[in-house]
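See the structures that follow.
Each of the next two complexes has chain A plus one other chain: chain B in the first, chain C in the second.
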Partner chain A sequence: MRSDAVNNEMMIQIENLNRTFEHAGNEVKVLQEINLNIVQGECVVLKGVSGSGKTTLLSLMAGLDKPSSGKVLIEGEPISKLPDAFASELRAKKIGMIFQHFNLLEHLSVSENVTIPLIPSGLKMKEIHQKVNSALKLANINHKKESLASRLSGGEKQRTAIARALVANPDIILCDEPTANLDRDNSLLFIEILKELHALGKTIVVATHDPLFENLSFESTVIPMVDGKIV
Partner chain B sequence: MNTNAFWHFLTLQLYKERSKHLSVVGISVMILFLLSSVQFISSSIRFSLEETLKVQPDFVVSRVQGGGSVPTPIEWSDELLDIYGVSKVTPRVYGRYYFAAKEKSFLIVGVDFMEEQSHETLQKLIATTDIKAFLEGKQMLVGQGVKAYLEAHFYKDAYNFLTPSGTFEKVKIFEILPSNSNLIANDMMVMPIDLARRVLGYGEEEVSDITFNVPNPDEWDMMTDKLSALHFDLQVVNKNEVRKSYENLYNYKGGLFLILFIIVLGTFALILYQRYSMVYSTERRHIGLLRALGWSINDVLKLKFMETLMVVFASFILGIFIAYVYVFVLGAPILSEIFLGGQNLQNTVSFVPVFDFSIFTSIFLIYALPFIAAVLIPVWRVSVTDPKEAML
Partner chain C sequence: MNEVLLSNQVIVYLLSESTLFFLLLVAFIVSLKVLLKWDFESFTPLQFTLEKQAYLVTAIILFVFSMKFLLILYFIFSIDALSLLVPGAMCGAGVIEANDYGSYLLILKLSILFFLTLWLYINRYDMRTKNHKWFKEKSWLFSFIFLLILVELGLDYSYFSNIDTHMPVSCCSALFGQLEGANPLPFGLSITLLLVLFYLLYALVIVTLKTKQTLLYILANILFVYIAYYAVVYFFGTYIYQLPTHKCPFCMLQVEYMYVGYLLWASLFIGTYIGLSDAISTLWLKQSHTRSQKSVTRLLSFFVLLCTTYVAVYYFKNGVLL
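Entry: the complex of A and B
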């Protein structure tokens, strides 16, 4: 399903991707010549130790960072080269992101956090409320919708972050170390939710070093990464 | 972006981060209050000064001997009337009367009510005053400050003056002088000239000074020379010199305000810097997150602009309102001392409200533009960086 995938099924295409950083006057190569094709509905697990480049790769897929060379195409659109308004719209409609540290706004409630991606969407408040409620139910956090994010447990924060990633009904879900701050039970619960999303036909990319993702109970592709390269 | 959803989120943000916004509003209100109070006081004083000078006589002559004022002979009035171009010659009897109960002194002004007055305010008062009724008994017109002091000491309708000869003169209050003449008339008691002579101890043929008008301003300079040649001990002061002396006094006082103004602006600059830094530190992650969740740079700028505008507008309205109440309702305690303390006006002066929209505009621009810029510039800089970097 990787480099041999058919173009019209492609959800994410990565071509000759390189990312380098300047550190103390030296050039550090974080990603080197990455080529990767992910088709619609596929679940890909980027696996590797810390510093292997998986989070950077995920950020480039989400358009949160710009490549030093090469390109990332989301449904054929080069996300890093699009003008800001188009890139933002693509990110809002096509991509749901789950961060390692959840990145919730602590002063807002669960439902208010989940609302955020829909504010620029042009939807009316009634439609937004409907979508938020659906996402909260899907992520199994509806019972905490009025609670402040700052008062949630790690697992609840994770489910809020999942609801926020799902609220715009994106085709792609990108998860950065989603279980790094969860205990085993909550990690297994998260994997169950991923299974449901996979069943819904979402394209999922998980960057993790958690062994739980090695033998998932649903079809997935594990891609090992070492020193910024796919091996 | 749907307007309803945007406003919903904007009000939500303002409400949920109210402690942060309220502290900004609190400090801003204090700054705006000070800026506005200074502006209100100075424009009100300028207005009162202009209004008062407008109705002052053009010239005042008096006798000065040995460097000090002495009573002026009333026959000088006839000499003045003989000069071509001179009109409304009015001898005046005036002097300060010490009010022992409050350790204050009031200005007694004696006027010949049967003559046309060169002082327009007096002329207007006389025009509306029932002179016949006024001259029937011993009566006087008083400034608002005088009225307030006398009332506070149970002299509601009349006051007993102790004359230099040791007798008492009971004088009734007939009318109150208008508030827009307060800068000069606030501590004034206007009474018939003969009555003023008795209260102040002047002789029958003596006055304090003589006022008159010269309608042609081109003749003013020449008039001063002509008058000086009349008597060696004659002193002439024209309205422009009075204006200059007042302006000099207020410019000096204004200098003190300028120092206050600079201190306030310095404080404001520190707050702007703190606000600027705050966007970089605490709000950076927030902006990065919004961008990561699909908000465009314009969406973020719009949110932060509206958020700041609401804070700025609330602060502006509140600051102006409090300053207005402080200056025009409460009479600007403490601050008014800087402008009015230590000069002839020893009574409380009530400031006349002046609605000059250029004041509001200038205060808004001095405050709002730097404040909005101090938020939007760092917001824009954070917004254009990659969301991943902003969230670090």
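Entry: the complex of A and C
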């Protein structure tokens, strides 16, 4: 919800956020004065054409990039200022990411890909197996758990990526063009899974230009972005 | 140009030191700018730029400091190798004393290594905080270390360019041997008292470390390293060389003695530096002790044990002491 109101359930707060890049000696303003508040359990769709700054905004929310100026707070914690080790820790606990190109390790199996985020957690193997299995079931890819990632279809790869994003039970799910490499049926299946996650109270941010996200069957906020600005 | 400056070891050493100094100079200039404008609570473009620069500076400093630890070993190896060029020198002791700069340079290098260890400790504390709480402290300490390294570089060039390869020098037998009627030991100690003090101070260091009496620990540690130096040169070293008149801190670094000097001096200085840095940073930053106590205990105990073993082995083999 775009609002200046700050309440106890505020999950992501963005204030006066700017990101510029140097390119061939010129300053390119990718994000300009972004202000955005997202409360817990909200689903936000950042909609815009390629180059509108959606992915950069997601990277800043995840603490994968540092802003040029401005604040990004995750549950009040300024992720944009945290040293790398702390940002990684916060990301591992609170944020799950789903990418356009899935970013799976092709030579590993589905269950191994989903297990990887839990390896640094220090959990016992039995507990890790339980978490992996429930994430695979939630993403509806349990039946392929032993298959190599390289042998999966696009839709199956995306569901594996969803399971990987969910396995640490994060509060926030960030999706970067999640349906760009999926056909219509698989895209609709992905949206169904998002609906389930929304029902579980996860905070979801989707950066996309897919028209399927314009009229979702569950409560969501569409935020249009043009030339690095929210319009 | 003299032969010393043209020797392979010195060329490599001076080039390495100069390159590292150039890197540190860049880091120093940037860190001064960062230090003067640093405001972590700010979310301005300037502060974000400074944070990126601070990250770069820390990376440069960590790299250069790790190289400095390796370079002191190379420096010692180099001066030992130069003993072939300097008449009268049989080991690094003669080369170090070849001019007025050598001793100061060696003491400065050992001091710099201590401050580097202290900086590493403060940096470790700083990296554990979300808001770079100790950034200013470590930056000021770095500025101080940079000035020491600037002096060190000047002394490096002065030292190596002023070694006269035609002038005979005194080596360990004259430098560390008992001069007529003069007692070379500190505080007028006898060898027996020196050894009693050596073991007592070692015990005091371990006890104060375990009981966390930080101030007493710092004092005991400084005294221990001072006394340990004399104990090694004037007593334990003679058992390493198996010759009562051979009193030298350098010869034991040579192959004839299986390079045991490197092990001996490294365990003493690393143990002391880690312990002192932990204690001083604890007092300075008011932080709890790190988990380096075990390392300090192991290193200093290893040093004492190694020294003692040489005496014990000699005694068991020969039935007498030197």
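Operating definition for what follows: the second predicted complex is superposed on the first by the 229 of 231 C-alpha atoms of A that agree within 3 Å, B and C clash if a C-alpha of one lies under 4 Å from a C-alpha of the other, contacts with A are read in each partner's own complex, and residues count from 1 in each chain.
The working rule: a contact is a pair of C-beta atoms (placed from the backbone, for glycine too) under 8 Å apart; a residue touches a chain by one contact, two chains touch by 3 or more.
Please read all numbers here as calculations on a predicted model, not as lab measurements.
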Superposed partners chain B and chain C on chain A - clash or fit: fit
Contacts of A:Leu189 with chain B and chain C, given as first, second, both or neither: neither
Which superposed partner A:Asp65 touches (first chain B, second chain C, both, neither): first
Spatial angle chain C-chain A-chain B, Cα centroids [nearest 10 degrees]: 40
Chain A residues touched - chain C or chain B, whichever exceeds: B
First (chain B), second (chain C), both or neither touched by A:Leu216: neither
Which of chain B and chain C A:Asn18 touches, first, second, both or neither: second
Chain B versus chain C as contact partner of A:Leu82, first or second or both or neither: second
Touching partner for A:Ala180 - first (chain B), second (chain C), both, neither: neither
Shortest span in Å between Cα atoms of chain B and of chain C, once chain A is used as the common reference: 9
Residues of chain A contacting chain B in one complex and chain C in the other: 66, 85
Residue ranges of chain C touching chain A (in the complex, touch as defined): 40, 43-45, 48, 51-52, 127, 130-132
In the complex with chain A, residue positions of chain B that touch it: 1-2, 4-6, 8-9, 12, 16-17, 285-286, 289-299, 386-389, 391
Residue numbers on chain A that touch chain B, as the complex places them: 59, 62, 64-66, 84-85, 88-89, 91-93, 95, 97, 99, 103, 105, 107-108, 112, 115-125, 128, 164, 168
Residues of chain A defined as touching chain C within the complex: 15-16, 18, 66-71, 78, 80-83, 85-86
